[in-house]
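Here come two complexes built around chain A, the first alongside chain B, the second alongside chain C.
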Partner chain A sequence: MFRALLSDARTWTYIVDALSTLVDEANFVAKPDGLSMRAMDPSHVAMVDFVLPSDAFDEYECDQETLLGVNLDEMKKIMRRARSGDTLEMIYEEAEKRLKLRLRGKTVRTFSIHLLDITAEELPEPSVEFKAFAIITADALQEAVKDAAVTSDHVKIVIQPDKVTFRAMGDLGEVVVEMGKDSEALLDIQASEESAATYTLNYLADMIKVAKAADTVKLQLSTDMPLRIDFNLPGGGRVSYFLAPRIEGE
Partner chain B sequence: MEDKAAKLKEIAEKIKNCKKCELWKTRTNAVPGEGNPNAKIMFIGEAPGRNEDLYGIPFCGRAGAVLDDLLSEIGLKREDVFITNVVKCRPPRNRDPTPEEIVACSPYLDEQIKVINPKIIVTLGNYATGYILSKFGFKAENISKVRGKVFKVTTLLTTLKIIPTYHPATSLYRPPLREYLKEDFKIIARELKKT
Partner chain C sequence: MMSVGNDTLGGSNLKYIKLVEFYEKIEQTTKRLAMTDYLVRLFKETPKEIIDKVVYLTQGKIYPDFIELELGIAEKMAIRAIANATGATTKDVEEDFKKTGDLGLTAENFIKRKRQLTLFTKPLTVDYVYSVFDKIAKATGEGSQDLKIRLLSGLLTNAQPKEGKYIVRTVTGRLRLGIADMTILDALAMAFTGSKENRPLLERAYNLCSDLGEVAKAIAEGGLEGIKQFKIRVGRPIRPMLAQRLATPEEILEKLGGKAACEWKFDGERVQIHKDGSQVQLFSRRLENITEQYPDVQEYVREHIKANEVIIEGEIVAIDPETEELRPFQELMHRRRKYEIEKAIEMYPVNVYLFDLLYVDGEDYTTKPYTERRKRLKEIVEENHIKIAPAIVTSDVKEIEKFFEEAIENGCEGLMLKSVKPDSIYQAGARGWLWIKLKRSYQSKMVEPIDVVIVGAFAGKGKRAGTYGALLAAVYNKEKDVFETICKVGSGFTDEDLENLPKILEEYKIDHCHPRVISKLEPDFWFVPAKVIEIIGDELTLSPVHTCAWGIVKEEAGIAVRFPRFTGRWRDDKAPEDATSTQEIIDMYRAQLKTIT
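Right after this comes the complex of A and B.
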């Protein structure tokens, strides 16, 4: 049995939006202590690791581990119908292998989606020893990624002991976004050594979609190694992304 | 090895029964691709042509003969590599595949790449090059600009190289391009030695 209620349906809309950018279909794992999903995009360039503990829901019931195989595009279409002020109730109907999504606002709207039988893959977390991290506001990351996209399709992220820099170079120009210790956007920073790597903006642009549901974001990297981005969601949830670095052509 | 072969066979079966776009209505055979499941190198073309559609085998027409020659010149046989296309069914009258057909069909190619886990992907022509470069976050540029370049890709699980070149069919109607193909295949041989 699985049933969960969120008082603000839009939280789920943002989460599904973010998850659906990497994979079309994936298993949510419902456990008594919360809901999670880990999936890798088909190119193996990016991975998402999502956790929403039971406490983050307004109501949550789950008596045993249940795999909910979902077509995320379908779920996204449904969640786009959510209106401001709507609550969301998710109910797993085991007998019919369906997940009901009930949006309650001025009216009560119930959408059902058929669950898919998706082979559960073991996806270990990439093992990276991060040499630097920066915690910045989620909207600052959004703006930095959008600024970088003005001139390029990739961005170099540099974390030094006192600042984080986003540098994008295109054929026609360059964009540099800096967040120093005196910046309101930079909340914490640590670097045992200067760390820098280049990442594809397409992926980052998709990943920052979840920023709408988060206040802060933690960036962790080591030179030419994968980037880890943690978005902390209200109520103790988390969406983490791993993104492989981009290395230029010869 | 058997595991990879079994997985590829499973993907091939899905392709043969696929009705995700309109091309299933006009195909004689779907052409999933063939070759060594443990290949270090994958060759990816655009879509099957008339002969490929008739026999269900990739690159078995005149363009296939050019590819075989190019492979042979660098000491490779078909059994050493895996050959497939972005789109697995023949577009009528060999027209270009539509973006919708590529979107519908490319998950099969993604799965094949995932199973084979090659060290080198050679893209043949604009469509394969555009799809693969974009998939790994590079700007999809015209084949004449990127042919013979080596794009290094780091994923979360492995590293690989993408080497775009012309589609062998182009050398049939533009013979001078055959020299470019030969040059690019030398680069492929050089990179293969490094793996």
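Right after this comes the complex of A and C.
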């Protein structure tokens, strides 16, 4: 059996929004210690790794590992109906192979979705040795990505021992966003060597959607290697993304 | 393309890139021996479990021909898949395709140009690529186009540039390496038995199953013993035995040892019928599965073949539903369709004329002589719409000629002359001298209608009970002042015509052949030559039964109309003596006589 309660339904709305940008269908794994999902986009460019531990929920019951195959678009549509102040209760109806989503506010609304049999391959975590990381505010990342998109469809992220730079070069111009040690946006930084790689903005734009649910974000990279972005969710739990780099122009 | 993680996509460990390297080598050679060598090396490296898949893929296929599934990716769809997988726009891909003219090369170009890396490169295995091809082929129904595109772009995402090239060529049906079946059999023999000498054994197995993949698996897993044990199986077509061709009955008889079984050679679609209980499958001469086109034939087989498991061969022929006269081959082509089959069955009904039996209830008949096969065939067929092809056994040239003319006149292509010697086995897949075709070397097209006199009629059956099935028609011989028969005509009449025929002809009915009518046929009713109708046919042919111009063009033969039909015009303005004359028929016959090549 599986049942979980979140006192703020919108937390789940943000999470589902974020996950649905990469994949249409995926399995949530409910375990006694929490709920998780790992999925890769069909082109193998990006991967999402989501964990919400049991204590991040207000109530959580799960006696054994259960796969919940979900069409994320469907779930997203339902969560769009959540109102500020609503609580969310998720209940797995084993006999009917359905997941109930109950929004409790002024009224009690129960949505059921059919679960899918999704055969997904085991996804290992990409094994990358990161040479640099920076922790910045979620807002700052969101703004930097939007700034870069003004001129280009990809952005070069550079982490030096004392600053993070986002640099986007387009046909018509260039955008540079810097966060130095004196910046309020930069909370922590470390670089054993200067590390830089270029990433596609489309993917990043999708990934930062979850920033709404997080305060801070950790960026990790090595030169011309994948980027890892960790969003720590306020009540515990995290959403991590891996994004493969682009090769810069010939 | 570089990437980060590294593990293999797919189970068995032959990498797809190995196959691609082989494709490249093959493309660069035109020598069959070199091709065989490459194949041998490839087969030796291939794990036994997937040897069949590798064999299909080297031929640009994924199944044997008799399985109807096809990869079926249209260029448009492939273009979308290439765009999805490489981040290009479909417009870019289309433009590059215009330049290269080869979507495979275009795929290669775009994968090379791809800037976006992936998180994992998963080296493609043959097994994995095959499994995706299989999914693509099997995707049907709503949303299947999108699914096919997704599956293909998923493959291309993981493909190296040259892998992409061959993947796209394969799915669009453009992988044409030109490796002949026999080259593959040679290579299999060399790879798994060490010698080409053993090819005949493999060839035999191939002839019994028409499936190179199956043969490859048998030799790889069971060795020579496995191949020797290879057996016919209902549901797997046997490669058809083919015939040689000679011009005259004399030559053929000599070749066959002085005696032959002569069968009508129908002008229809050759079919190999596999019946397993109530399940019936039909295969064309080229081993395509044509079961769905002929629900009527399936039914005839289920109802009138008295054996549980059987493989028989025959010819499906279009017929006139009223008279069961044969119709020309072109009419059968209306049955080559996938929709509105019911309507086609009604408009273009068929009969099946069986001529051979290859297997029945556990017993392989291909190794038995012709006469034994034919005898067993007769035992299991309850003739109805499924019949046994008319045949005679003779050593007399005259008799063959007569039978030949009869066959032609009735709408056949000619005769098939078959050996009746003890060694007259069914040589699957071979074009040997046990069967020899006797076809016409000339024909005389009929270009204008003629007016004929009704001199007799045959009673109708079935829907035509109570009226006439066909009329016996004659032309006028001015010199002798007699009417000579030229054909039986049963086609072209409307229901109304048919209903009225007995009434119209009643007053001319007599109980014997009219003295001025010369006929070798005995119709059910005789008439005084009076009524004239207009008919047209496809050809004028020599006939052993019709008396028109008897003995003039050829000894012991007259002239007849082949595929005659009523044009709808009653020539009441004409007296019987105004009908087309024998001399006119002779002139028409000679004027249009042309050699058939």
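A few notes on this one:
The criterion applied here is as follows: the second predicted complex is superposed on the first by the 246 of 250 C-alpha atoms of A that agree within 3 Å, B and C clash if a C-alpha of one lies under 4 Å from a C-alpha of the other, contacts with A are read in each partner's own complex, and residues count from 1 in each chain.
The working rule: a residue touches a chain if its C-beta (ideal position, glycine included) is under 8 Å from a C-beta of that chain, and two chains touch if they have at least 3 such contacts.
Everything quoted here is computed from the prediction, not taken from an experiment.
Following the overlay on chain A, a clash is recorded for the pair chain B and chain C.
With both structures placed on the common chain, the touch criterion links A:45 to chain B and to chain C. Shared-chain residue A:117: touches no atom of chain B or chain C.
In the superposed model, A:127 makes contact with chain C only, not with chain B.
When the two complexes are overlaid on their common chain A, residue A:245 makes contact with chain B and with chain C alike. After overlaying the two complexes on the shared chain, residue contacts for A:182 are found with neither chain B nor chain C.
Judged by the touch definition given at the top, the superposed model places A:200 against both chain B and chain C.
Comparing 168-176, 222-230 or 330-338 from chain C against chain B in the aligned model shows that the clashing stretch is 168-176. Residues 40, 42-47, 126, 200, 226, 242, 244-249 of chain A are contacted both by chain B in one complex and by chain C in the other. Residues 40, 42-47, 124, 126-128, 200, 225-226, 242, 244-249 of chain A are the ones that touch chain C when the two sit in their complex. Every residue of chain C that touches chain A in the complex is listed here, in rising order: 3-5, 7, 84-85, 115-120, 122, 150, 153-154, 157-158. Note for the complex: chain A touches chain B at residues 24, 40, 42-47, 126, 153-154, 200, 202-203, 224, 226, 242, 244-250. Those residues of chain B whose C-beta lies close enough to touch chain A in the complex are 107, 110-111, 113-114, 135-139, 146, 149-158.
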